[in-house]
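Residue numbering begins at 1 within each chain, and the chains themselves are lettered A, B, C and D in the order written.
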Amino acid sequence: MSTASLSSTFLDRGCFLKSEERLSSLAKQNGNKKYFGRSNTLPFKSLRVSNSKPGQEARVALLGASGYTGAEIIRLLTNHPFFGITVMTADRNAGKSIESVFPHFVTQKDLPTLVSTSDANFSDVDAVFCCLPHGTTQEIIKGLPRRLKIVDLSADFRLRDISEYEEWYGQPHRAPNLQEEAVYGLTEIYREKVRYARLVANPGCYPTSIQLPLIPLIKTNLIEHGNIIIDSKSGVSGAGRGAKVSNLYTELTEGIMSYGVTKHRHVPEIEQGLSDAACSKVTVSFTPHLMPMSRGMQSTIYVQMASGVTIEDLYHQLKVSYENEEFVKLLDKGIVPRTHDVRGSNYCYVNVFPDRIRGRAIIISVIDNLVKGASGQALQNLNIMMGFPERTGLEYLPLFP
Amino acid sequence: MSTASLSSTFLDRGCFLKSEERLSSLAKQNGNKKYFGRSNTLPFKSLRVSNSKPGQEARVALLGASGYTGAEIIRLLTNHPFFGITVMTADRNAGKSIESVFPHFVTQKDLPTLVSTSDANFSDVDAVFCCLPHGTTQEIIKGLPRRLKIVDLSADFRLRDISEYEEWYGQPHRAPNLQEEAVYGLTEIYREKVRYARLVANPGCYPTSIQLPLIPLIKTNLIEHGNIIIDSKSGVSGAGRGAKVSNLYTELTEGIMSYGVTKHRHVPEIEQGLSDAACSKVTVSFTPHLMPMSRGMQSTIYVQMASGVTIEDLYHQLKVSYENEEFVKLLDKGIVPRTHDVRGSNYCYVNVFPDRIRGRAIIISVIDNLVKGASGQALQNLNIMMGFPERTGLEYLPLFP
Amino acid sequence: MSTASLSSTFLDRGCFLKSEERLSSLAKQNGNKKYFGRSNTLPFKSLRVSNSKPGQEARVALLGASGYTGAEIIRLLTNHPFFGITVMTADRNAGKSIESVFPHFVTQKDLPTLVSTSDANFSDVDAVFCCLPHGTTQEIIKGLPRRLKIVDLSADFRLRDISEYEEWYGQPHRAPNLQEEAVYGLTEIYREKVRYARLVANPGCYPTSIQLPLIPLIKTNLIEHGNIIIDSKSGVSGAGRGAKVSNLYTELTEGIMSYGVTKHRHVPEIEQGLSDAACSKVTVSFTPHLMPMSRGMQSTIYVQMASGVTIEDLYHQLKVSYENEEFVKLLDKGIVPRTHDVRGSNYCYVNVFPDRIRGRAIIISVIDNLVKGASGQALQNLNIMMGFPERTGLEYLPLFP
Amino acid sequence: MSTASLSSTFLDRGCFLKSEERLSSLAKQNGNKKYFGRSNTLPFKSLRVSNSKPGQEARVALLGASGYTGAEIIRLLTNHPFFGITVMTADRNAGKSIESVFPHFVTQKDLPTLVSTSDANFSDVDAVFCCLPHGTTQEIIKGLPRRLKIVDLSADFRLRDISEYEEWYGQPHRAPNLQEEAVYGLTEIYREKVRYARLVANPGCYPTSIQLPLIPLIKTNLIEHGNIIIDSKSGVSGAGRGAKVSNLYTELTEGIMSYGVTKHRHVPEIEQGLSDAACSKVTVSFTPHLMPMSRGMQSTIYVQMASGVTIEDLYHQLKVSYENEEFVKLLDKGIVPRTHDVRGSNYCYVNVFPDRIRGRAIIISVIDNLVKGASGQALQNLNIMMGFPERTGLEYLPLFP
């Protein structure tokens, strides 16, 4: 279904009709380039206000508000015109205010008090962001009312093959039925499935940075499947907010280290996505590195081009695949993507370079692991699931320096 | 003039009338706490759209777009509903796109090409942010059409006493007439003067972090003037984007250093502001420190309370002074302001603590030096000068982690 | 073997004596400035070798080897010619090699395996570095054979007044008799007491950086006691290696925060030392700040000079006090001490600056909190206690960049 | 005095001989594992003293003392028993003390004043470390007396093929005769050539980290030559101390970026070394990344094993190649080398891991780019050239945290 038809579905429900029509025509009149996307719906709170009656705004529950991805959801929703947070859970901090857990929210006095997940009341909730650790998530989501739209940021519903889940996560899958229902939320690739999903498994940060550039190239048979080497570098926030010696400032500043060499749990997720694109089993070399930075992720990907394929072909394909996308940007030829330039934003910057070894290419993609690699993409997905313009609430420019 | 009357002036001109009335009533209806400030005008682009005819949006020229404060102006204006950038200057980068200078703007394809200041055409400009280095700024601003509203981020118009300018900056003042006209733009303190100003001298970062907590306490005679000791810590972006060995990554990471001990050029600005508040000459002890962080500034201020005054009195006064302010937040008692918690935002967090030495108090204030300490406050000022709601475009929450 | 007897054994065997004479004359001949200190003994292993028979080298037990101060002791002793580590304890890591806890020691294959403190065998030990947490240390040291020389790096024996210990540490002192015996090991000030001590309470990092410049100035009545304001900045390693959310990389990078405002546990230690120097109770203002750096500490100290005293007097006194010291360096006038320039070394750099407020001065001192602020000074003390040249094993130059 | 004559003088006078015998036997007696290397000579200044008459110590000229590699040479030589610095050049800082350029040397009062290279007097010099920028170095070294031993840290003599130099450096080689004489100083691989060299071209940092693990594996035909993919990550000090916007703190902290993709000037040096090992032209994929850290370098190398070769074969070969080396350490199986663990030291840590892609392996090596990647290896080379024990002055343990 195209955006247009989606829009009209929405319009049928009468929610945004008036504004959309009016604004759409105005936008055209002004030639305003700041409004984008296929939908002309304006992503501003004013719309909500001008149309809102009690109950029409989408109400969000945030499960696991005391971690970094939870905090990032809050940051993004604060300026979101259509979503309001009505429930926030944090088991160990139940009863506290969010500002006592995250002092940077001290100005947000209208956020709900934290409750334990078991005490959460979902009667005033339309949609859920689930930011809980893998393993416990399956049980909890199984217990949620089926009328709720859910975006799960854990790894618990990402692997279609539940035996693979068991192998990599060391425990049986607790909700195999939900697994069948879950849609993998790599937005730009699976947008149409996301649109009708009730439960979206939000991709991992590494898999997002890797699949976005690779899937179009694999699908079009431009690169070989047998020799894909991925060297990824991640900021520390990807490790979460748990108290671990290995994540102390003193342990990480001013150094770099590989970790989980060939054994990182994002491997099966990456290979699932690439195998789907290839229509055959793809095995990759994947080595993540932990870097002294809070946010940011770069994947440097070394590939063998298919016979006769040139770097221009790769560049052209990525251009075609993403030229209408807001959040995936192919840079001008020769320009190196830098994590600094996407910090705090939902963008993925990509580029492709010829290798010295004949027939090989180097692909570089960068994201902010907490935004496009987690909470930003989650919001992008829920926007779509709710029929809102995809970029709503995601218009933050990168913060540099 | 109160906000109410300003609003009505504005209303008289017919610009925002309709929306304001409608939205104001709607906002009340919804009990929506997200809209704030004395004005009920909604700070969203939709307003512009719904009211805009060609030429009614305020058009901004940005002089000095290739420095950090210039870039920050761009970041803030990108999501500003009433301002559009029509001219950007950068002498050494004239002819280039902004994305070639700041790759994090690669998605902003509708920004104007950089021109040299001398080539800038101000016929399509209503207001100017001047982010040029001190020294050259006076001449340039002198040459601008008088119909333009100007916020100057340099130090060139901050010191009322031009002999003091000469003493600290080592050159005669080139525009003494303009100096008389200039209004010092510490927004929360001089808001009413800013409102009618044509030329605002935007405060320095250190002076902002220091004067915001001290001026109310000095004005109310709660602290002694003779023994104010200020130990400030700044991120490196305060030093600008010039190529200097002393600002290399390798020179600054993992260490701290005082600099300009007792001789920093912000001293006369600080003393001017505090002396004004005290109605007598105030001399302060001021020691800035350079820290291994890009953004952020903390001033730890050690003061002697006036006879009989308690820490509660200080706390209460700051509460009274700032309780209706959006951007200056007195934290709950005992909570320590952290620069992490204002990063990327226009907030100033303040608190006050009893000292071990009887009769003394410790005041801590934190800001993002590039936002409330520079470009954010500049936009706050221009919003006021243009009659826009003060917080428009400044609603970014802090970016943490 | 006690230090005294070790020393005399050495002398009796004529080892040092002869070398000293010979080397001393050679040193003069060569104009070699590298050998320093009152003793001319050469601090190199060769001496040990040429004199050593099994058992004659001083054998060290390191209690608490898995923390940062413990690791720093190991680093320093590795190149120490007279000490060998025979016992290392780490309760939670008992049975492991040190390289499994600290991979940077992977090349040190001759270090002993970690044992639990209760399993430690002290029969092959002459001296002990105790790097255990405060609270447990008193009991453990009480249980050690009295023939051992001990340098305790915890806070457990620093406060002479055991009621003060109880007040600040919230528990009764478990070894008041040992407290009476303990010597406070601020080396440059209490060297002669350290020389004959059996148990040295090694100073805290903040107190070291503060007392070194202040004690000489207080003793000579050059500064007032009533208005000493200390703003200190510390690297994160001072917080130890415990797993705490507040010390995660993501929580600390790119920001600064005050902590323990007026309540830091180093306050009574600082005031004890300054009060001793003043012969009257001194109360200070002390505000520590946590900085995004692993190592390093700066204290910026704001003082009122006594009547008629000038900045030159302060400078001169510090010059006189420290001109023969290896590890405390008064910089040339106007030169700002930077933590970068002492990183990894046992140096304390100091300087003094005139304040803008008449009659006040600003004193800046920097150390590496893990070296002069902990393990380096501990070794300096044990060298003295054992009769070894004070700087032995401490000759590392700062690591910059 | 040339090294040769210095060496023989030493031997003729029986100095080393005697010491070696005595110490060797003592070392055995003591089971002391701290002395290592093929020579048993003790690396301590005492030897110098006991043998020194004026002029017998090796005198070093340091050309280019104001850069980071120059400073690192000073740091290492300060504790070196056989070398004394008699000349230091720094053209722009001529006439200044080194402490005015590098304040961390403030305690080193006996270092010579900086002079311009053209004013340097080499009559009191036995050996030269040349830390000048590439391009100018060839002319300068051509002008030095031939009796001097020289280690050049620039790229100017690393490429045997002068046409390749011209291609990558954009200028003709100015000293082709010297190029023929120059020995490439990758110590562990070319030690015997270094021993008799007069001019050593010290390897680049990337090439050192890459060739050390790869050369033994290529020489023994354990890996394929056609598909070597190298993803390297470097600290910022590798970029030198020049004032460039791109190396400012604000530009680099909290982010990562690739640079010089496929075009970095270390490529021909790497390929020269690997081609020599392979006896055929090897072309590599090499992508360097700039990281927010001062020191440290990791190369993650992805290789195809030769047919029938296993990961065990690779591990075993590296073990055999390096088990007697002091500075190259193969870690225990499964242990990941981290740059943190070699910081400030001359060590290279290496390990090898099986890849997910059958037949491929992942090799990780880490060094401190300023030590083993530059000044440390330079000293290692000069030690060998002068007949001193190889590790003399290089015994610093890594500085962690």
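Everything below uses one rule, namely that a contact is a pair of C-beta atoms (placed from the backbone, for glycine too) under 8 Å apart; a residue touches a chain by one contact, two chains touch by 3 or more.
In UniProt terms the chains read A, B, C, D = Probable N-acetyl-gamma-glutamyl-phosphate reductase, chloroplastic.
Because the structure is a prediction, the values reported are computed rather than measured.
Colleague: Which neighbours does chain B have in common with chain D?
Modeller: Chains in contact with chain B as well as chain D: A, C.
Colleague: If you list every residue number at the chain A and chain D contact, are more than half found on both copies (same) or fewer than half (different)?
Modeller: Chain A vs chain D: same; shared/all numbers exceeds half.
Colleague: Distance-wise, how many Å sit between the C-alpha centres of chain A and chain B, to the nearest whole number?
Modeller: 34
Colleague: Quick check: how many Å separate the C-alpha centres of chain A and chain D?
Modeller: Roughly 44 Å, centre to centre.
Colleague: What is the distance, in whole Å, between the centres of chain A and chain C, each centre taken as the mean of its C-alpha atoms?
Modeller: 49
Colleague: Would you pick out the residues of chain B that each touch at least 2 other chains?
Modeller: Expected reply: 68, 237, 250-251, 253-254, 292-295, 338, 340, 343, 401.
Colleague: Which stretch or stretches of chain D touch chain A in the complex?
Modeller: Where chain D meets chain A, its residues are 226-227, 229, 231, 233, 235, 250-251, 253-259, 261-262, 267, 283-287, 289, 291-296, 298, 300, 302, 336-340, 343, 353-358, 360, 362, 364, 401.
Colleague: Residues of chain A touching chain B in their complex?
Modeller: 22-23, 26-27, 30, 32-34, 42, 44-47, 49-50, 52, 68, 71, 75, 78-79, 81, 102-110, 237, 253-254, 294-295, 326, 329, 331, 335, 338, 340-345, 347, 349, 395-401
Colleague: For chain C, which residues count as touching chain A in their complex?
Modeller: The contact residues of chain C facing chain A are 68, 236-237, 241-245, 247-254, 292-294.
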